[in-house]
Amino acid sequence: MSMLSYQHFPIYAIMSLFLGAFLVVMLGKNRAVRNALAFISVSASLGFLLALVKRVMIDGEVIAYWMGGRVPAGGYAIGIALEVDALSLFFGLLIAVAVFVSCVYSFSYMSHDDNVREYYTLFLMLAGGVMGLVLSGDLFNMFIMVEILTFAAVALTAFRNTAAGALEAAFKYLVVGCMGSTCILVGTVMLYAQAHTLNFAQLSALIAGDMNTATKVAFALLFIGFSTKAFIVPFHPLAADAHGAAPASISVLISGVLTKSGLYGIIRLTYFLFQSMGLGSMQFLLVFVGSLSMFICVTMALAQHDFKRLLAFHSISQIGYVLTAAGLCTAMGISAGLYHAMNHTIFKGLLFLAAGAVLHQTGTTDLGRLGGLSKRMPHTTVLFLIGAFSISGIPPFNGFASKWMIYQATYMKAVESGNIGFLLVTIIALVTSVLTLASFVKVSQSVFFGRLPAEFENVKEVPFGMRFAMGIFALLCVVTGLFPNLVTNYLTKPAAAAVFSVGNYIDSMMGAGYAESVMAAPPAAPVITYTELGCWDPVSWLLILAIALLAVTIVALAGKYDRVSLRPAATDAKHDLFFGGEESVYSQVGGGDLFWGFKHNWRHYFGFMHDLHSGIVNDYALWALVALALALLFSLIVL
Amino acid sequence: MILLNYIASFFLIALGFYTIVTKYNLVKTVIGLCIADYGVNLLIITIGFNPGGTAPIFTWNELNPQSFFVDPIPQALTLTSIVIGACVTAMSLALVIKLEEQYGTLDTREIRRLRG
Amino acid sequence: MDFPFIKEAISQLFSKSSCAMYPAAESPAAPNYRGRIVYHPDRCIACGMCERVCSGNAITRRVEKTDEGDKITLTFNLGSCTFCATCADFCSRNAIEFTGDYHMVATKEEDLLVSGSFIKKPPAKKPAPAAKPQAAPAEAPKETPACAVVPREDGKPVSDPSKCVYCTLCAKKCPAGAIEVDRAAKTWALDEEKCVACGTCAEVCPKKCIIM
Amino acid sequence: MFKKLIAESAAKSPWLFHINAGSCNGCDIELVSVLTPRYDAERLGFKLAGSPRHADIVVVTGPVTTQSLPRVLRAISQVPEPRCIVTMGSCPQSGNVFRGSYSVAGPLSKYVHVDVDVAGCAPKPEAVIDGLALATKILKEKRGR
Amino acid sequence: MSIILSALQYLGYILIFPGFLFCFLGGMLLCGIDRKIVAKMQKRVGPPVLQPFYDFFKLCGKETIVPAAAAKTTFLMAPLVGLAALVVIQLFIPVFHFSAFSGMADIIVILYLLLIPALSIIIGGAASGSPYAGVGLSREMVTVIACELPLVLVLLAVAKTVGSALGTGLCFSLTEIAAYQAANGSLILRASMIPAALAFLLVIPGETGNHPFDAAEAETEICEGMLAEYSGPPLAVYKLSHAIKMLTLTSLFVALFLGGIGGKIVNILALLGLTGGAAGALGVLLGAVVLFLLCALITIVCISLVHAATARLKIEQIFKYYWTVVSALALMSLVLAWYGL
């Protein structure tokens, strides 16, 4: 194997990030050197993964890589392994893209901060940790990577430690995150005690057919451990705190990358390690937790007063979508879920970057204080709106394409299984979507439209670098929304196929025929074909809309639509806002209580939720313990 | 004997979590994390322990089907885990110091600006 | 939500509308409706009572000296009128009339003015330039201390001091403000210049001591 | 042709904006009664608009108090051209019984050009319809120009 | 050559039928009919049926004032985008058997596309900077949320009913729903679909923002909410959008529940002995006329009658009403459809 053989690429992708981290800390005194190092390492990582797309995604190859060439001997995988199948590569690509854009954004965004060298070091550590997690083929390595990324994330959350709440958020995240990591570690060693191996593929082969109390407990522990990383209910307050306090470029990573690592862990855990997704109860677990996250977090988001905190809750809500779709255990569900995971990284990244742009220019993200920024920051507004429409599932942006598939998948699942519960999930998903739209209407009214407060009269547009980074995400939003077939055919369908080909995964790692020899009934090769129930042709739609818009615009311009009366002088009653005749004073309708007509009917629910999210770290730890206890009960009784 | 170890390790983990949940002092929370970590370390070591086994130090020639030694992998894991545990403690204590500076208290019930 | 009026709504869909099709079909005003003012200058004596009682200051009186006498023009500004009809009530000559015409729409303010003028001839009386100005008020009570007063030739009022109780009602009601009564000094004086000989004082006098 | 269409339409769809400049509510009630089933001004295309931006005709009632004067003028200026100002009742034309009060800023015509006066205190709904019809004629003329 | 011809044909669909011209005329006439019928129900004479046209052309001739606080481009572009999006939705709804574009979008897509016009008015209002618009958009959004749940339930019920009848389990495609009804009779004739149809009828006034669910555009309390700062042509475009939205929703109702009439039209044409292109053209024409008549009927029932019989609701009442009464109706239908009734 030459050094440039593609089989080395996964480890290169990880190492380029870690190497970058060390080089930045050593040589990164100079700003240009630092930026160049960070840029080179993230682009290299992205490049290595892109180079693998054809082999893994299209040809369906699974890359098994043994560190130091220590291949399994005597039927035991002792060495440390990387294993890249389509699922890993899919998540790896998401991470690489998000890290790349976030890095580009950071160049301008962090220019006013101190200790930027440490920032980039931690940034690259975090990226490397997540990359290592998704490309790793070894359970203990996954734990190590989880710890690295948790540390980096905690440190970065507390990076701006003078900002209100940053330390607090970091501490809460550290405590509950470490509880989660402990759970992962205990689960790992319990599995090791059963199977005497840490290799993921081998564990999958050995554990699935041989469930006992210890493995069941291990499942619960691992599930809770990865749930803390994915921030699904009941760990969502941590995400909200951490996002709110962290710099925006880090929020992008926390929501787009960190939560994905948790999701990845859960998918690996349920589909590969325990191969239990065929069980109705297991599907119920994921779908239930997913729907709960979806709904609770979207309602929590509606009650928020802070831009980034609101986005954080939405982040978990979207993770809920992904988890729900993944829990359906159908080809379409997995495909839809992964599609949505990708879209979530893109649009949530865009939204966090927009929030960061607002914070960068105005120094606040309080919805009650902002307003009317679209006059000062038009580009940011447009980019934000693209992100907001995407997350709310407005056609033709990408959020719609994946949500639409999720609805079909859940409803199809309901019809096929005859279980009316899945129907409820479809309804919750659809309602959650419109509630998402509502809270982004709230944000756009409170931040970008409405009146411009006097204190932000001199706000300027953000630097080009930040707009460029947002532009990449916005472009991806549009492209992945307009060509859903391209995405599903080349990205999500191979990944979904990989999810269902456990046997192939094991065989690639352990040698052909291993799965068959160990497992009583190795899973059959899946058929990843599904028919979409409805029809949606975004390109044609856009074409027709463009023609229609053109027609309307031509007629409007011919009718002197643009001959408008603009304000001639500074003080002119005619162009003031209509205030019932009063002199136009600053008056902004916005902030947290914009949808009181909705909240009034739900006031008991909102009051309860507000009291529940007490902000005391002990309470959150208690939630984690309760969740752990429930998961233990679940796995011991039904698994 | 081994059973006692298992009981002790799970007791330590439970004790650690109990401390985290019930104690409202930041330092005690950190201590809880440490206790849980020690419990995990004990668990890993116990898993790797073979009664009567020798230390897993050998050359390739000494390896034969009759050789009986404790499992070396959990020991490696423990080392890693201890290092990580130390990092957690260091990081959390650093945060505690900063939090004390900012909030003027160590009571978790008062460190709750972010809520709702 | 219930629909309490759904039956009415459906039944009314098929019934005749209750609209007054106003511009197409004329709709007369109700009896006693107080609409556009009609002023009869021929009856007017320019006493000014209407002007005085008008709460909206809608009535103006203009006096022009002409050869034949004073040309008096009364203008009623409908744009300032409250249509309270107090002026018509007070008019002793019924010179003001409120009609049922409500079409009082104008693009210019002048269109809302109702005016009329007449020429008030000076009374045919013997000239008494020396005695008139100041002596008459003082003389009147003095000259006729015991006997009843005689009516004056020019139609202006005289008071019978034997009957007069100096209640000042005549002074209050005089539209022209020509009468001055001092209760303490028990004097009754008439300002000849101001007096328009409208007869209001005689009408209102409770003792009927004023003779025209 | 399009211009003619607009001019014709302008006469058939005048939207009102009602400003109460300190009125005693007599005129306000009469104006509302114009829209009731009895008189139904909507059959002539009249409609009460909620915002001056939508209006063609501004109906002012009340004697224009000093408090309301700047607000009235501002609201009137916010009505897009072509517009037509109708004073309803005697008060905005002259001040009526409130004339001379320290709190009355005087007739509206002192400040803006008033197109139509509808006299009466309060005017009968038929008179209001008359006035509005006159105003639509003026609107059409303005549009035709 | 044939490409140009077919391009022209599609352009014709977009611009004439069922696109702009049909939308413009149909929507405005529906609006006029609604106003006339409401007036009749209130014992009034009411405006002429052509009144919306007068309003539209008058507004076209007015001055456009852009407030100083507004974001000009968004303020002016939002109405146009909303109008274009609405016309495109109309293109996707099949006119009985005639469907130029309905293969491109299914009912879930339509559900989402219907958000775009609402969003355009919300963004436009927000861009005006007026606090009235702020209150209005809050209410509009709550109304949209309120309508969403029953609408979702109705659409899922329809999808399930048609799907289980076709044997595919689910059917989201409007074309297939229309074809199924043309062959097997209207869905409203099924007992399980009657509550859904009723729920949809109640959703229509909420979606279009008609009385009594017009808290978002309450002219007397919040100066028409989001439209407070709009004047002239942009306002005309919004009024047109509102009219077209009535047409869109009512024709969606026809497509979902009354599609069986399409089969009758074909039968009538066959009875008349017409075949070929003439039958096709006549069929489309007849379809358009029948569609419009049905839309007018639905408008009278669900918009005018409800308007005349009720007073405006508060926003929290709107929300409660839709999420309890109307949703319960739709849910009943969904459960019935689920158990194959």
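The first chain written gets the first letter, and so on, giving A, B, C, D and E; residue counts start at 1 in each chain.
One rule holds for everything that comes next: a residue touches a chain if its C-beta (ideal position, glycine included) is under 8 Å from a C-beta of that chain, and two chains touch if they have at least 3 such contacts.
Predicted model, so just to flag it, every value in this text is computed and none were measured.
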Where chain A and chain D overlap in contact partners, by chain label: E
Grouping of chains that still touch (sans chain C): one piece
Middle chain, criterion being Cα centroid separation: E
Far-end chain from chain A, centres as C-alpha averages: C
Furthest chain, CA centroid comparison against chain D: B
Chain pair showing more contacts of the two, A-B and C-E: A-B
Distance between chain centroids, defined by C-alpha means - chain A, chain E (Å): 36
Whole-Å gap separating chain B and chain D, where each centre is the average of the chain's CA atoms: 82
Averaged-CA centre spacing for the pair chain D and chain C, given as whole angstrom: 33
Of all residues in chain C, the ones touching two or more other chains: 17-19
Numbers and ranges of chain B residues touching at least 2 other chains: none
Touching two or more other chains - residue numbers and ranges from chain A: 559, 565, 574, 576, 578, 580
Interchain pairs in contact, sorted by label: A-B, A-D, A-E, C-D, C-E, D-E
Touch list for chain D against partner chain C, complex: 37-40, 43-44, 90, 93-97, 99-100, 109, 115-121, 123-127, 129-131, 133-134, 138
Interface residues, chain E side, partner chain C - complex: 37, 39-45, 212, 305-306, 308-310, 313, 317, 321, 325
Residue ranges of chain D in contact with chain A within the complex: 2, 19, 51-53, 68, 70-75, 77-78, 80
Contacting residues of chain C [partner chain E, same complex]: 1, 3-6, 8-10, 12-13, 15, 17-19, 21
Sites on chain E touched by chain A in the complex: 11, 14-15, 19-20, 60, 63-69, 71-74, 76, 80-81, 83-85, 87-88, 91, 101, 103-109, 111-113, 115-116, 119, 122-123, 126-135, 137-139, 141-142, 144-146, 148-149, 152-153, 156, 159-160, 163-164, 168-173, 215, 223, 228-229, 232-234, 237, 314-316, 318-320, 323, 334, 338
